[in-house]
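Look at the two complexes coming up: chain A is in both, with chain B in one and chain C in the other.
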Partner chain A sequence: MLRFLLGRIGRAALTIAMVVTFAFVVLRLSGDPAQIIMGADAPPEAVDAFRTAWGLDQPVWVQYFHYFGAILSGDLGRSMRDGRDALVLVTERIPATLALTLPALLIKIGLGIPAGIYAALHRNSLADRIVMVVAVAGFTVPSFVLGLLLVLVFAVQLGWLPSGGQEGWRHAILPVITLGLGGAAVLARFTRSAMLEVLGQPYIRTASAKGVPWRAVVTRHALPNAAIPTVTIIGFMVGSLIAGAVVVESVFSWPGVGRLLVVAVANRDLAVVQCILLLVATTMVCANLVVDLLYGLLDPRLRSAPRRAGA
Partner chain B sequence: MPAGVVTGAPLVAIRGLRVAFDGQPALRGIDLDVAPGEAVGLVGESGCGKSVTWLAALGLLPARAAIAGQVRLGETELLGAPATTLEKVRGGRVAMIFQDPASSLNPVHRIGRQITEALALHRGITGGAARSEARRLLDQVGIPDAGRRLDAYPHELSGGQNQRVMIAIALAGRPELLVADEPTTALDVTIQAQILALLQQLRRETGMALVLISHDLGVVAETCERVCVMYAGRIVEEAPTARLFAAPAHPYTRGLLGALPPMDGPRRRLSAIPGGVPEPWAMPPGCAFAPRCPHRIGPCDGAVPSDAMLATGHRAACIRATVAPLLAEAAE
Partner chain C sequence: MIRRRLLLATPALAALPRFAIAQADQRPAITVAVQKVVNSNTLEVLREQSNVGERVFYTAMWEGLIGRNWLGKLESVPGLATEWRRLDDRTVELTLRQGVRFHNGDEMTAEDVVFSFGRERMFGTGEGAPASGTLFTRIPGQGMQGKELPPEVIAVARRNWPALERVEAVDKYTVRFVNRTPDVTMEGRLARYGSDIHSRRGFEEAATWLDWARKPITTGPYMVAEFRPDVSLTLAAHDQYWGGRPPLRQIRFVEVPEVASRINGLLSGEYTFACDIPPDQITGIERNRAFEVQGGTILNHRLTVFDKHHPTLRDARVRRALTHAIDRQAIVDSLWAGRTVVPKGLQWDYYGEMFVSDWSVPRYDVAEARRLLREAGYRGDPIPYRLLNNYYTNQVGTAQILVEMWRQAGLNVQIQMVENWAQIFSRETPRAIRDWSNSAPFNDPVSSIVNQHGPNGQQQQVGEWTNEEMNRLSVELETSTDRARRRVVFRRMLEIAEREDPAFTVLHQNATFTAKRRDTPWKASPAFAMDFRAGNWGA
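This part shows the complex of A and B:
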């Protein structure tokens, strides 16, 4: 178990390091931050001075090692815009993002899982078809389209809710619904197929052949088994609590991490972008780690190495 | 009508059982009796409807299966019976075990729990009493170190042991009939023999009836007093085992017997009859076996052959079954 854990943690660290490196390379290759921040018509001396101040005149690999070394010592750099600590800048925005993504996660789970279970248990019924049509729609319609649609109906036409901004909970309703519906659709589809897969297994027939009433077959023999694959997708959703709202935050001009990321990328604010990517990668990797451990809890086959005995 | 020499009321009486999936017939009129305590074999190539017969009888087919006919268990009609009735029967009066023991047990529950679940349902035993009864059942089906095995998961046991666990679960409800659907097909030959011996021993100990489903006539011959041969959704021949081997009347049965390897040789699948089972949507108009039958004559294609009674307890659905040369040839 300890070996398993250490192995997983090692892999997690490696993943994060790769993300950091990748972000560094892409951002350095995609344009000169000094020129962008100073503006196209800035005098060359000023741009050079900016470069020297931020170490951008060094060879790229030196910048990379400096950056990596700093991260290891907990220093994530400063924003090139206003010189504030990047980590502080980013963490300030986390509560706003969680204010959208946490309620949305509840909607995803509370709506998606029951809908998926119901659809699977009533396969090919009218309800199943409706759930599937809605789920496919929610799955394929991009969140900015859904967001704009909701704004059009509830803010512009009906005037019930504000279309953007962040003054109080009413402003959160439309973005939360936008996020929640899309995720619920994904989860419903996933849960349905996991349930159908399990319901087709021979041990379900065994349970029925034992005389277990259908309700108990579902709750005792199907749901725990179908939970195993579903946990993966929920883990992914938990992992994207920080990063999963980039589009929706932009559509609703919500001042979360996602919007900060968009602005920072546009400005080539390297430290901030890298700090966000690091944060996102870390939450993803941690969620994955938890999923792996949950797997072990839910599925005894993964817990113990098979020790077969003769017949 | 079944030809079984059933004296007294049968335990299970199946009459005119028909099943169709999406309009395609899988069973085309099954008549079958099982007497209390007897062992009946049900043989035939894969896909001929052996499993569907008993899944239909116990209400275990998916809702889209169209089922007609009668299945009486004592005084109780099972087809169309309310769920509560069926739940009492399943695992209670009639238990069923399946081909692939490894996937027939729930991988996330311990063995003990899967046995005590049946004990709670059918005998109202729970808690410590259930655990010790489960342990006794594991002992009875020959699992060593039963107490520890209660806490094992199915993946920790071998296929043969899992099948023993399935049998223990089946015994938990003290059934009057055990339907064993190809219980040894997925197992090694030596384990096969052990499981068959166990079934015979349990039948002696408990007095329950046994329906042994197999595609292997050899397996059935060792265990059952009576054999029903199925082909394309019908029972085409039924006879006491000894008689079936001595004087098979249906060309299909004789094909199966011809395909049997010598007693001491390795078992193989029934494949020596040329051709394949007709698809449900391309059923011949007359005898379903006609396209593969070496004795086919014109009238065979005219109508589905009805049962010919050949002797007490011996029937065959072949228009030439009563023809002397065929019988003589069969008796050689």
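This part shows the complex of A and C:
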């Protein structure tokens, strides 16, 4: 188990180092932050002064090694826009993003999984077709379109809810629904597919033939086996909690990590972008680790696989 | 006994007016949806060099000694100074308005004016200047954490006041600006963006430069209540404002990056104003008769800029052909619904006596463009046109129209989409054409044609264009005090930069549009600035 964990952590560290390097190269080689941050109309001497002050006049490889060294010593850098600590800037925004993504995750799970199971258990019925039509629609309609539609109906036409901003729980309703519906559609489709595959397996027929009640067949044999692909998707959704609402935050003017990322990338505010990417990568790696552990719990064959392989 | 009662009653009486005002404060609080509050995450005029900054700074927060008539033609009017006079070619003396209170309650005096133009706030102390080699993971010279100025603030201040020798306090209400060289534009520079006054005590009491720059103590009718960078700026009424009690209790600027979201928020009643409305949305908004879109031209022209070092554009005749092949009015009519104008070259009406009224942009003449290309022996070599994705309103649409117009004249211009300004200026591949806009921060051509196309202007600094005669004339325009001669010089500069050896060509004047309910009692200025003073609300 320890070797398994160490291996995982090593791979995670390598992944994060690659993310940092890739982001640095892409951001630094695709534009001079001094010119971008100071704007098109800034006097050239102001741009030069900014570039010199932040060390952007040095060779890129020198900047990279110094920056990487700083990260290793725990210094994630400062925003070039206003000199504030990048980590503080990012962590200030996390609660706002989680205020959307966590309730949305509950909607995704609470709506998507039961809908998928129900559709699979009633395959080819009217209910199945309705669930699938809604799921395909939710899956294919981009979140910014869905968000704007919801705003038009519930804010502009009916006047029930605010159209944007972050001033109270009512402001979170439409963005949470926008995020939740799309994810629920994805989960419903995956759950249905997984359930249909499991329901066609010989052990399900055997259990039924042995007279096991259908409810027990579903809950004790079908659902656990169908859970693995669903857990994988949920793991991905958990990994996206920090920065998975970029578009929705922009549409609803919600000041979360997603909007900060957009602004930081546009301004080539490297330290802030890297800080967000590090957090996202770390969250994703942790979520994957938990998913891997859950696989073992859900499927005993996976638990014993390393032992068998080593035997 | 009576005395004792009086003593007991005194604190209650002292508290009464404020309580009564609070109870009686029925003034409205408004919300203004903007695409961006500020770009730099500070509210310091010298750090925030942008149009969006102008909107939140003026007339709400910052004020200069010489103001502008924001609801007129932007001409100079008394501001924090009631009058000014020339002592000689290098010196202007101003009489300060008495009774002006800063947001911290202090009275504005000559000492604050001297400090506002001093080394601590504008030009730097020169100590601990950041040397090359500082890494971008650290704060340059601790500039933002301590009181040392960020280097770009100093650079901007020096650009605004290249030859300012000193500012003297003659007495409590009189100040004197002394230049090193003769300069007829000193009054204009005093009225420009960046020459605004703040409280010395407010600066000194702030823990860091960044703290001050996020809550500057100024004289405007509204003061900073809360600033959330990239999110919102909330201003509260400054009831001691010298120009009368502000008509609004609170102004909240909120960042709403999506146009559709700004419009939806306006229609649903959450926002009082929706700013930065593209021209193609105006008809849709005004279809609802309860709403209207105000605004129009501003002190900013859209230009197409040339790099004369490109192998094809080296021949001035090709650049001249480019300028003649553009039907500017068609662009104004089709993309701007006729809501802006084709100006008379790179100049503005408010230049006053320096405005060259019989000047115009090169006429639309495709035959002339073809003739010039024939003369130049142009064989259809591709000319790259680096383009940002709608950094300017209608930018991509304008570029597509331009390319087709140039094609009509036989020019093979090819659009290259890029992502940012650094890529626009990159010399890795030959540059030829790009977009730009030019403003005139004060009412003299020095503020535009010299500052942007002269020897120290951006176009020459980035190596796109230069012209020896133009450079000589730039110096003369900056230093000459002979007004008649200055007019001749400016006209000649226009001839060089727009006709003979084109550095750029002006397409149209820029415009900005703000949507609101028709019954909101407010008028737009011919600028990005939004005037929320007593004279422009409810009148």
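Everything that follows uses one rule, which is that the second predicted complex is superposed on the first by the 304 of 311 C-alpha atoms of A that agree within 3 Å, B and C clash if a C-alpha of one lies under 4 Å from a C-alpha of the other, contacts with A are read in each partner's own complex, and residues count from 1 in each chain.
In this text, contacts are C-beta pairs under 8 Å (C-beta built on N, C-alpha and C of every residue); 3 or more make two chains touch, one makes a residue touch a chain.
Computed from a predicted model, the values in this text were never measured in an experiment.
Participant: Once the shared chain is lined up, is A:V273 touching chain B (first), chain C (second), both, or neither of them?
Facilitator: neither
Participant: Quick one: classify A:V186 as touching chain B (first), chain C (second), both or neither.
Facilitator: neither
Participant: Considering only the touch criterion stated at the top, classify A:I36 as touching first (chain B), second (chain C), both, or neither.
Facilitator: second
Participant: Have a look at where A:P213 lands relative to chain B and chain C in the superposition and call it first, second, both or neither.
Facilitator: Only chain B is touched by A:P213; chain C is not.
Participant: Could you say whether A:I107 touches chain B, chain C, both of them, or neither, answering first, second, both or neither?
Facilitator: Neither: A:I107 stays clear of chain B and chain C.
Participant: Give the label of whichever partner, chain B or chain C, reaches more residues of chain A.
Facilitator: C
Participant: Check the residue A:A172 against both partner chains and state whether it touches chain B (first), chain C (second), both, or neither.
Facilitator: Neither partner.
Participant: Which residues of chain A are in contact with chain B in one complex and with chain C in the other?
Facilitator: No residue sits in both footprints.
Participant: List the residues on chain A that touch chain B in their complex, please.
Facilitator: Those in contact with chain B are residues 201-203, 205-214, 220-221, 224-225, 228, 298-301, 304, 306-311.
Participant: With touch defined as at the start, can you tell me which chain C residues reach chain A in the complex?
Facilitator: Result: residues 33, 39-42, 49-50, 130-141, 143-145, 150-152, 154-156, 158-159, 210, 228-231, 254-258, 260-261, 264-265, 267-270, 391, 419-423, 425, 436-437, 439, 456, 458, 461-462 of chain C touch chain A.
Participant: So in the complex, the part of chain A that touches chain C is made up of which residues?
Facilitator: Interface residues on chain A, with respect to chain C: 30-33, 35-50, 52-58, 63, 66-67, 70, 75, 77-84, 144, 148, 151-152, 155-156, 159, 162-166, 250-253, 255, 259-260, 262-263, 266, 268, 270-271.
Participant: What residues of chain B sit close enough to touch chain A in their complex?
Facilitator: 55, 58, 60, 83, 87-92, 95-96, 98, 100, 103-109, 117-118, 121-122, 153, 155-161, 164, 166, 169, 173, 187-188, 191, 194
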